[in-house]
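In the two assemblies presented below, chain A is common to both, partnered first by chain B and then by chain C.
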Partner chain A sequence: MKVTDEIIDRLKAAIHSSRILTDDADLYSFAFDASFGMHKPEIVCQPMSSKEVAAIVQIANQYLVPICPRGRGTSLSGGPLPVKGGIVLDFSLWDTKLEIDEENLVATVSPGVITSTINDAAQQFGLMYPPDPSSAHVSTIGGNLAENAGGPRGLKYGVTKDYVLGLEVVTAAGKIVRTGGKTVKNVTGYDLTKLIVGSEGTLAIITEATLRLIPRPKASMTAMVLFDEIIDSGRAISKVLGSGIMPSKMEMMDQSSIIAVEEYASLGLPIDVEAILLIELDGHPQALMEEMEQVKTVCMNVGARSVRVAQNKEEEMELWKARKLVSPAIVKIKPTKISEDATIPRSQIPEMFRRMKIIKEKYNIHLVVFGHAGDGNLHPNIITDQRDQEEMRRVEMAVEEIFKAAIELGGTLSGEHGIGTMKAPFMEMELGVDGLEMMKSIKEAWDPKNILNPGKIFPVQGERFELRNDY
Partner chain B sequence: MKVTDEIIDRLKAAIHSSRILTDDADLYSFAFDASFGMHKPEIVCQPMSSKEVAAIVQIANQYLVPICPRGRGTSLSGGPLPVKGGIVLDFSLWDTKLEIDEENLVATVSPGVITSTINDAAQQFGLMYPPDPSSAHVSTIGGNLAENAGGPRGLKYGVTKDYVLGLEVVTAAGKIVRTGGKTVKNVTGYDLTKLIVGSEGTLAIITEATLRLIPRPKASMTAMVLFDEIIDSGRAISKVLGSGIMPSKMEMMDQSSIIAVEEYASLGLPIDVEAILLIELDGHPQALMEEMEQVKTVCMNVGARSVRVAQNKEEEMELWKARKLVSPAIVKIKPTKISEDATIPRSQIPEMFRRMKIIKEKYNIHLVVFGHAGDGNLHPNIITDQRDQEEMRRVEMAVEEIFKAAIELGGTLSGEHGIGTMKAPFMEMELGVDGLEMMKSIKEAWDPKNILNPGKIFPVQGERFELRNDY
Partner chain C sequence: MSCEMTTSTMLRDKLAYDETFSCVKCGYCLPSCPTYLAFGKESHSPRGRIQLVKLAAEGKIGIEDLENPIDYCLGCRACETVCPTNVEYGKILDSAIDVLGEYRKDKQSFSEKAIRTVIFKQALPNKKMLKLVGTGLRLYQKTKADKVVRKSGVINKVSPSLAAMEQITPTIEKPLARNPYHELPKKKKTKLKVAFFTGCIMDTFFSRVNDLSMKLLQKANCEVVFLKEQTCCGALHQHSAEKETAIKLAKHNIEAFEKLECDFIINAIGGCGAALVEYHHLFDPGSTWYERAKTFAEKNKDISYILSRLELPIVNTINRRITYQPSCHLTNVQKVVQEPMRLIEQIPGIEFARMKSQDLCCGSAGIYNIVHHEESMKILDMKMKTVQETKPHLIVTTNPGCHLQMILGVKREGLEGKIDVKHIVELLAEACDVS
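This part shows the complex of A and B:
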């Protein structure tokens, strides 16, 4: 139902009115995320305690109002957008808790804490919080938890979920519940922690997390490898991993990304190569030297044009600059960026590239591919202009074919961005009717009134993929 | 309901009669596991394909017969015992699939494969399957998946769940469903894979798993550290981990374990120390030398009596022998062993030892403590004789106090053995009413007729902890 004056009055009793936004201008600033689409909330609440969240959810539950948790809006899948209206719960003010328990190697955080500050705090104790989504300096841990964010280090260290030991959550009924704890091993009943992480705010609202930290590696080393043929870069990835080396990062840029970056920043990258691989190793300094030699040999053996190893921290940062500039560079080409994260078993990278080339030509679209190639988590980005209706139809068809290709090759719709609204129509294609039903039955059991972030993950009967805005 | 002749006829149509056991002598051999208790199945089926499992479950579903999956019966929590009667699904014959996909670093296995053979197969490609429960040479991967088995390497490498990318399962309705896939990153909908792993056969029956492999570390090195005071061993663990070193194993034995092993095997262990820590490092040989020096210094600084580093593989095996002999040694003392796995945040190890000492004296029981101290996963074992009714009552009370202590110290009932039947009465103490309700609602949604391994995990209203057999 709609947010009425009665509901607003109830909310004002639950949370200080300075943290309730109803002004149209304010509401507009919560209508977007980093994906495609615009959905204005009816009201924004900015809770700063679990009790406030519980009180707000109880009201939403009573009046059947949708409630959508939100961090800093960097989602690439529409996660925080109130597609069915209702309340947006803005957690960005609630960044007050960031405790490092050095002895137990854990951090306890409130949902509004910026992701990168967790790693910064851990660093002071010689520790590391490994997950590193590209938005880590802006995104909140709450959003990372909801979407199970990944990042380049996922290759060696895994994703957000792999570092969550326990949660405090508020259920759809407005109850405060703790899952897991501070121990790495815990098999007491079902793993609600890992079920809730990545459930995109549809099962419960995360109000606190206990995160696992690990000792920081002593050193790191980066190489930039150039490939005349993109297929050889895929082979290099397999061969490096098969040689017993687990790099901390293995990022790739295709020729379109390289050209875009060069046009944007003139770093002196060779625009005639089909692919660049950036390989970072971390660990003991002595081991790194040896392993980097191995990496060099392996890459040259599969046909790399050259391998350049950074000799110091400055050179290392210089090499990474190319990869970091891809996103800013490509939005200069055309204003609309459709960023996907179809993920495939890494052995299928060469075949996936072959198929994407065909799709690009078939629909005459501007397709740029880069991403976390080491774990098969590519980022095909389509650069377009949403005002061009005809082109948008071609983009829709191309995206659909990219998803189909990923699934045919044994991959998945989403490696780290989440399903949100845009990928919902493809869920059945990957999961089958029964798999989707198993997920739905959990949602229905936990949130029978469908108030928690409705309209996400699950496709509406007969829903088709469409790139449009609700302006 | 009971397994009638009609049901047996139906089962014989679903699976070859040579793999259906109804003989009383046969049924008895499936009435035990490595925990406490005896529950004879009404019938045993030995499926060797997903289709057979699906057909059997469909029959169980139609006639409301309990169905309990079983590997090789090494469970320490009663996991495979048919406490409500019905069908035991014995997977031990179905060890036919063990495929290593070298390029994607994954293994695909059928449920009856022996755990250690997966690691052996991976080793031929320079890879490793890290989870190493003590029973790895006997237990099946299906059982490990159902219980989310751990092991010493859990400290650095995590547990079974951390290595599962995808599953094929049979649902309570007898449908074959695939979850996850072959990619390390996958956020397409809810994480059914990690929900099913560790659910003790109560949510779905696992018929195939896709497991993640990692490059094998190049070398390992082991030290045995002696402590006059057990509290110092706890401090040593914290200090080593705080110094930026992540050992692959950190196992401890208390004085009772040391004495038991010495009496059993005369290895020349000092019986006057309060604790032994066995610390294994793995990684690059050069790094190991350096890190082991650091470990030595840290341990001596917190008051270790001595640190002995194995100089070669033989010495390494010699040092580990002490730890490996604890279980066989203690069952020589008295015939009944109650093996627990209460797990605590590692900073609480000294306090947990203090409390267990009090409990031991209060109830006058033979308590032996050893286990995976590095991750707080201790194994308090009570050595007793189940024929001594009076002692068994004291043991019950002692176990209850150990669980309470673990939970009070921020720990969990079970680190790696599972809840099964014995720990069910304590679930609410750890999870609270609401947490337990959230778990139950998943069970009810997925298995409304409660045919999948009934009587496990969830306590019956008012159930009390009792050590008794249904002889």
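This part shows the complex of A and C:
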């Protein structure tokens, strides 16, 4: 149903009118995220308490109005887009609660808290909140929870879901419910916490989270490894991990991204290598020295051209600079960046490289591969111009084929970005008809009126993958 | 809306439409944007504004929908510094200001137009006029009329923003003391020959800083030349949709300084400096004026850029804890970031306490604190919180607008007498025993 004046009046009774936005300029600026598509909400509410959220959801439930939770809109999969109109619930103002419980090693946070501030606060107690999506300094924890965000440290430390002990949520009926708690061990009933994390706002709306913290490692060390053959870099990843060492990060850059960075910033990277691996180890300083020696040997044994270990923090930052510059460098080529995160089992990395090379040539597209290679979460990025309709069609076909390749190799559509609207058409391909049906039945049980972020995750009959906006 | 503006192709040409495509909407600009942080709405964020400009160019929203988002932008351009894809936000913003200006011209009343003409075309570029205002202010201060006016509360009733600004207007120095440097003594062994750009508002209200700047440059072995023919930089015009006048002033300055052979043109005003180093943006690439402007732009440097590369004869110890409020245009447009801090830390005795989110704008932003007073004060309050955390004896600034805003901030927090505000040149002059 459309948002009528009557509904607006009801909403104004539920939440202060200064936090209800209805101007066109406001509505349009909540119509996008970092993915594709422009979907204008009918109204934006900026709640700052569970009670307000519950009251808003009750109204939405009564009038059958779609309701889409949103953090700071850094999603790469369309998670917060109000594709069916209705209410956008903007949580960005609600950053008021960030409590560290030192004794129980947990943090309790409101949904609008910026992810990196949790880690900053934990640091004061010698603790760490490990999930580190590259948008951590911008994104909200609520958005991270909804999308189950990952990051480079996922390799060793896992992703957002591995650090959630408990949640407070508002259900589709507008009831406030708590799941889990403050304990690491908890087997009382179904694990609703894990079900809700990553459900992209389609099952319930997260209003508070209890997060697990771990002791902060004392030191870190970084090495840059050059490879003449990209296949060798894939083998190096498997060999290092098989040698009993678990690096905190293993990031790779392919030749196209190395060249792009060099053209952009002249860091002095060799442009004749096919791949660079950046390996970070963390732990006790003495153990690190020994492990780094081992990493060096393993890499040289699989045919690395050279290994350079940073001797101090400055050198470490210098090595990481190359990786950081990939994004700005590649958009210099063409402005539109399609960032995919199809993920494969580690052992298939060399094969995936081979297939992507074929796809790149077949569709004649600018495909750059970099990212969290250590956990198989490659980031094939296609650089294009969204104004070039013909090229965009080729890009769409290439992306489809990348998805297919990942699934054929035993991988998944998305490692950390989420399904949202972008990947919904491929769900059946990965899950099968019955698998998808099981998920749908959960959705129907939790949200029978389909008001919570409708149009997400599940494909509508005949829905096709599309990256083109209308002009 | 005037007829010719209605066609979207025209709008696409006038707005920096192509530039909006560089924005990948990642949102990395959000934490750097003072208005987003203060107002909590995406429409007041760089990403939101860029998308709105794009939609306006496509005819999907009206020009009037840009009014609020664009008017309330400080133009600090901190978003450009953090942008991972190098979106040229300044160009997008300026284009929107121009389009909005044109759109409004039709709606402006006669008196509004007259006021704009006086301020932008006559007063600002005209030193005599500004001096007249300056003299008036000085008389007003000397006769203690200011105290009477302040006590009566008349101003408060008229406009709270003017009242607030009136309280912090600096003491104007008497006219004779203002321009003593038409001919500056030449030193025998000079390292560099530099011209000095005084700025109009700066030279009226902070002429002492200009005087001290030139003396410091001489102490650092520069030959300093002062050029009488210079005029206003045009920054305020450009930010207020008076592009034609901005171009006129730019041409005047370029022509004036072209006649002079010098290594650099130095100024002590973050904001004016930013306009000067981007003069070529006012002209079409490829045109003769574009090239002339570019050559001129490359010669313009901030005083801290040059002083940090020369040897300063520091003789005095200054035992104070100092925090630094950078000028946004110095940081984000001129990219002079480390130099002022390096200079501050050179002075023996100083304890430098960097404030959190140092690069966040203070809310002064040209005439923003006058036209959007309430919003500016919200931003200032955020800034003063982080200033106070450093418990400084002194706040150092690099631009007159920020300077006045900091004085206002100190006053609002009731810290007058406890926290001083000084231009970096004043601090360096004290350290070098220059007066």
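As a working rule, the second predicted complex is superposed on the first by the 469 of 471 C-alpha atoms of A that agree within 3 Å, B and C clash if a C-alpha of one lies under 4 Å from a C-alpha of the other, contacts with A are read in each partner's own complex, and residues count from 1 in each chain.
Quick note on the criterion: a residue touches a chain if its C-beta (ideal position, glycine included) is under 8 Å from a C-beta of that chain, and two chains touch if they have at least 3 such contacts.
Since this is a predicted model, take the numbers as computed values, not measurements.
Once both complexes are superposed on chain A, the partners chain B and chain C fit side by side without clashing. Contacts of A:P335 after superposition on the shared chain: chain C is touched, whereas chain B is not.
Once the two complexes are laid over each other on the shared chain, residue contacts for A:K175 go to chain B alone; chain C is not touched. In the superposed model, A:E263 makes contact with neither chain B nor chain C. In the superposition on chain A, contact of A:D272 is made with neither chain B nor chain C.
In the overlay built on the shared chain, the residue A:E99 is in contact with neither chain B nor chain C.
Shared-chain residue A:E466: touches no atom of chain B or chain C. Geometry note, superposition on chain A: angle between chain B and chain C about the Cα centre of chain A is 140 degrees, to the nearest 10. The partner that reaches more residues of chain A, of the two candidates chain B and chain C, is B. Smallest inter-chain Cα distance, chain B versus chain C, after superposition on the shared chain: 20 Å.
Residues of chain A that lie in the contact sets of both chain B and chain C are absent, per the superposition on chain A.
Note for the complex: chain C touches chain A at residues 21-22, 24-28, 30-31, 40-43, 45, 47-49, 51-52, 55, 58, 60-62, 65-66, 68-69, 84-86.
Those residues of chain B that touch chain A in the complex are listed here as 101-106, 125-126, 147-148, 150, 154-155, 158-159, 161-162, 171, 175, 177-179, 181-192, 194-195, 197-199, 203, 214-216, 218, 238, 241-246, 283-284, 286-287, 290, 343-347, 372, 375-377, 410-419, 423, 427, 430-432, 434-436, 438-439, 441-446, 457. Taken together, the chain A residues at the contact with chain C in this complex read 21, 23-26, 28-34, 46, 72-74, 90, 92-93, 114, 135, 137-139, 327-328, 331-332, 335-337, 385-387, 471.
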